[in-house]
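Each remark here refers to the structure printed beneath this line.
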Amino acid sequence: MTDRLNLYRFASPATFYPLAGAMIPYFVAVSVVFGIAGLWLGMLVAPTDFQQGEGYRIIFIHVPASWMSMFIYLIMAFWAAIGLAFNTRLSGMMAQALAPTGALMAFLSLWTGALWGKPMWGTWWVWDARLTSELILLFLYIGYMALTAAIDDARRADKAGGLLLLVGVVNIPIIYFSVQWWNTLHQGSSVNLAKSSMATTMLWGMLLMAMCFWMYSIAMALMRVRTIMLERERHTDWVKAELAHIVAGDEK
Amino acid sequence: MIHWASFSDFIAMGGYGFYVWGSFGMTALIMAIEPIVARRNRIATITRLQRQLRAETRNTAE
Amino acid sequence: MLEADNLECVRGDRRLFAGLGFKLDAGELLYLQGKNGSGKTSLLRMLIGLLPPEAGSIRWKGEAINSDEYRAELCYLGHLNAIKEELTPLENLLAAARLADEELSDDDALDALEQVGLAGREDLACKYLSQGQKRRVALARLVKEKRPLWILDEPFVALDMAAVDWLSGIISGHLQRGGLAVMTTHQKVNIAAGSVRELRLS
Amino acid sequence: MLEADNLECVRGDRRLFAGLGFKLDAGELLYLQGKNGSGKTSLLRMLIGLLPPEAGSIRWKGEAINSDEYRAELCYLGHLNAIKEELTPLENLLAAARLADEELSDDDALDALEQVGLAGREDLACKYLSQGQKRRVALARLVKEKRPLWILDEPFVALDMAAVDWLSGIISGHLQRGGLAVMTTHQKVNIAAGSVRELRLS
Amino acid sequence: MLKIITAVISRDLKLAMRRQADIVSALFFFIIVVSLFPLGIGPEPDLLRKLAPGVLWVAALLATMLSLPRLFADDHRDGTLEQLAIAPHPLGLVVTGKVIAHWLVSGLPLALIAPVLGVQFDLSAEALVAITLSILIGTPALSGIGAIGAALTLGLRGGGVLISLLVLPLYIPVLIFGAGAVDATVTGLGGEGHLSLLAALTFASIGFAPWAAAAALKIALE
Amino acid sequence: MLKIITAVISRDLKLAMRRQADIVSALFFFIIVVSLFPLGIGPEPDLLRKLAPGVLWVAALLATMLSLPRLFADDHRDGTLEQLAIAPHPLGLVVTGKVIAHWLVSGLPLALIAPVLGVQFDLSAEALVAITLSILIGTPALSGIGAIGAALTLGLRGGGVLISLLVLPLYIPVLIFGAGAVDATVTGLGGEGHLSLLAALTFASIGFAPWAAAAALKIALE
């Protein structure tokens, strides 16, 4: 019973708002630390790849960005399910706060992949399974953002967007498997985790960078969700109180 | 322990400098711009809400 | 039969009303009043279950209104006519009845159209009708309507005086047969009802 | 000033009226009556030059009406509100004025909106307004309107009683300043005018 | 239950007949788009034969998509949708009916004309059979998924283009299996695998999509 | 005269901004359609390179066309068009303004994104320049011609599909010269000839189409 109450308490914007505000600096700090460590390992320490030369170092952002782009979509779908099932206000806000970061991650994955593809495959882009599904993922993000932006009423936007996320998430495995029939150029094998060719420094560099991206995404989402909360809850007393004492631009 | 012989080697990235730094550059750019945009958006929202709040209190006071 | 308790309505930033309640029994008419933008349409949409109230509850015969049973006893007529411009008045009436899962014979439909003064226009596509004639097609549904609860949003708009009188008579008849009605209008009309409750939103 | 001779209107198969004529001078109101579908809207659309009459002629100050001069002196308000749902009432008023090649200052526009009772809603997109409020935005154009000939198709629809009175006053004022107006409505309204001509279509 | 579905179907078909333009136009859009390609690309038969399945499928997809915005918009604008939403039966049934009617009007005719167009691209007889079959089996899924997009964007201005943004990514599996079936047949690998996957997609989306669309409609009507 | 045109443009642009979806969506429709083709056709780079001009141009054409039905429909439905038609200046000027606004919202962005999409098809740098230029020069003609189609089908249900039926045949010359310009550049024949023909088409249709459209609108309003 008390557990339930607690959950509800933190799911309420009034309590989540200051909590989020307090946590942002920690996530930023942790992200920076992981980032520096990852870059140091990956860019300075890790040895040259015997197949790809130094070009492989793109992996230290390509793979984290790709992972995060997929992961964030799943998290958004999770929030959408919660929101539609229990009608909680927070879930819609979280989904909306995550979307831009997710879209940027998908974009980064495409960008770095393209920059990697040119030297390795001799072309910026091929219509291969992985690449295509990543592109579709970007479209799904953009579709979600366009839909929620087009609906003015926040509650309706949340519900409609949530529905879209759930439908889209069903689509993701379908896309993933459907493109298995395709010839695929994007080989996970060139730097395979299982093979010994991947030095431990490389592996650690990649994992550290992934942690860095993860923490960064959380920090960004929290930042954005705080703004969304103020906007949405502007008629509640706690926002009025909050607005009365913060000075735009130099709040703590 | 450091893998590079010189700084210019590091920049050249064994001939892949354009691609590697292009990737890292774009990532750095985005990770720099995204928080700035989010923060500006926040400031704009707060000033707008404060203006609305002031207008409201003025109206009800009348 | 129809009870509302402590209803609250928020649209956009504005709280339109709060703590609103009423009770309506067989043969009674609830006449909603209020100036433009006071929330009459919003309240009606709550009553038909399309707009979830911010707070409060609505009950029909003691039960919550999100059931097929309630919807089977409800007849709603909104600002919009719900007629298809391409179909003729007759086809419109028949299609509306089928979609609402009601029985309506061709003869009954023709009879209803004659009553609303559309005799001779049964076979003209509705897009060629005038504003008031379109409204009459929508109203023709009420002629044979047996369901107990009628919810009417400004039914008199665009009607000429003869049609206003006719419609008042139809509503009176419904109430006398023990029906209930909730209605808004800005015009002055005479409806003979056992009891007329007025509710003013502001 | 405005003269119509021997007008004939045919819509689809039906001859709505024929041999219709009238003459309207400064300060006069022409009050078109007739039941639903009798051809009131059709006649008004002839007067604004959008529907060519089957026979007969319409003249303004002795000249045929298909000239830019006539259109510059004409203000028409139809069944539809001609407002954009995405724009705010203020933006709607300003855009309408610019497109009609008129001068309208922000202050004048705000003043007009206040007069129609939309103070405080100037910055809300029109799609969030109620039926009657949308109508009021359309009517706000009339507040600062200087053009001599007003043609109004059921302007009172969807308005509450206060707004009906206000609009009657506006029309009276226009007539007293020597304007002309042609109007249809099914509601009873009091308009003080030098002379009211009635024309009944049947 | 079946009564409601057939009532909806018969009304929608009657409306489509009344408008005439509807049926003919989706079809002609398909024909025109398919015919545009040779104009844009040039007349080499080998190239065209390779393109045919992709072009036909993309055109079918666009033709279906183009008619989506009007799936619910007319009913919404004139108030009929409100009436359907408060009728004493689940809205999902009504949507099922509308989806079926949409397919009959916009999907079925495409399948019937596809072989004729395929001939323009110099396709073999078995490729023609494959393309007809795949369009016949795949288009119901397009109508079903499309209904969700149409419902989500209902009442939003700019809906017509927004809808494609939402729906096209979801159409991609259908496109891949559909064009894949033809390709597999042509290259002699046998298209049965693709076709049965396509059928599975169709069944899933006809069964599931109307209910998602109905939920979206309820949201749009609030 | 210029005052009216700019008034119309600024109002339409404001509406487009307000709807947001508008601008972004036409663009993304273009992107998505271009990306669909490789999915339907398969990933061989050689094949794709040959297709690129045709696919990009057909997609640009469809993207422009998709936003046409709304060119006048919104103004018609809410009565604004009536008001514009009885305003004391020629309706053709108003239409000119609307055509320009339409191009700014739906044509210009396509030209800007085209090079990026071209890269997906592995095009050379000069082919990219040619494709951007040809789309930049050609799309105003699409908006102009489209306005006539939009005006002719105004108020007809099923307009969205009917419009493509009317407009696509008229778009074909633009398509041929547009894709031809790119082809000519790629094969080293020089695309200037095609481009100047395209420019001529554009001037003619921007000058002439608004007046034809205005006449059609008058008829639709009767």
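Every chain is named by a letter (A, B, C, D, E and F) in the order it is written, and numbering of its residues begins at 1.
The rule is short, and it goes like this: a contact is a pair of C-beta atoms (placed from the backbone, for glycine too) under 8 Å apart; a residue touches a chain by one contact, two chains touch by 3 or more.
On a predicted model such as this, the values are computed, not experimentally measured, just so you know.
Interface note: chain C and chain D, two copies of one sequence, contact each other through mostly matching residue numbers (shared numbers exceed half of all numbers used). Distances between chain centres, each the mean of the C-alpha atoms, put D farthest from chain A. Ranked by how far their CA centres sit from the centre of chain E, the chains are topped by D.
Inter-chain contacts peak for the pair E-F, counting C-beta pairs in contact. Centre-to-centre separation between chain B and chain F, using Cα means, comes to 35 Å. With each centre defined as the average position of its C-alpha atoms, the distance from chain B to chain C rounds to 55 Å. Measuring from the averaged C-alpha position of chain A to that of chain C gives a distance of 49 Å. Looking at chain A, residues 132, 139, 142, 146, 150, 153, 182, 234 sit in touch with two or more other chains.
Counting only residues that touch two or more partner chains, chain E has 19, 74, 156-158, 162, 165, 168-169, 172, 176, 222. Within chain D, the positions touching two or more other chains are listed as 79, 85-86, 125, 128.
Considering their complex, residues 148, 152-153, 156-158, 162, 165-166, 168-170, 172-173, 176-177, 180, 194, 197, 201, 212, 215-216, 219-220, 222 of chain E touch chain A. Residues 48-52, 68-69, 71-72, 74, 76, 78-87, 91, 95-96, 98-101, 125 of chain D are the ones that touch chain F when the two sit in their complex. Within the complex formed with chain A, the residues of chain F that make contact are 19-21, 24-25, 28, 32, 35, 38-39, 42-43, 45, 48, 119-120, 122. Contacts from chain D toward chain C in the complex involve residues 11-12, 34-38, 40-41, 79, 117, 124, 128-133, 135-136, 154, 157-164, 186-187. Of all residues in chain B, those touching chain A in their complex are 1-4, 10, 13-16, 19-20, 22-24, 26-27, 30-31, 34-35, 38-39, 41-43, 45-47, 49-50, 52-53.
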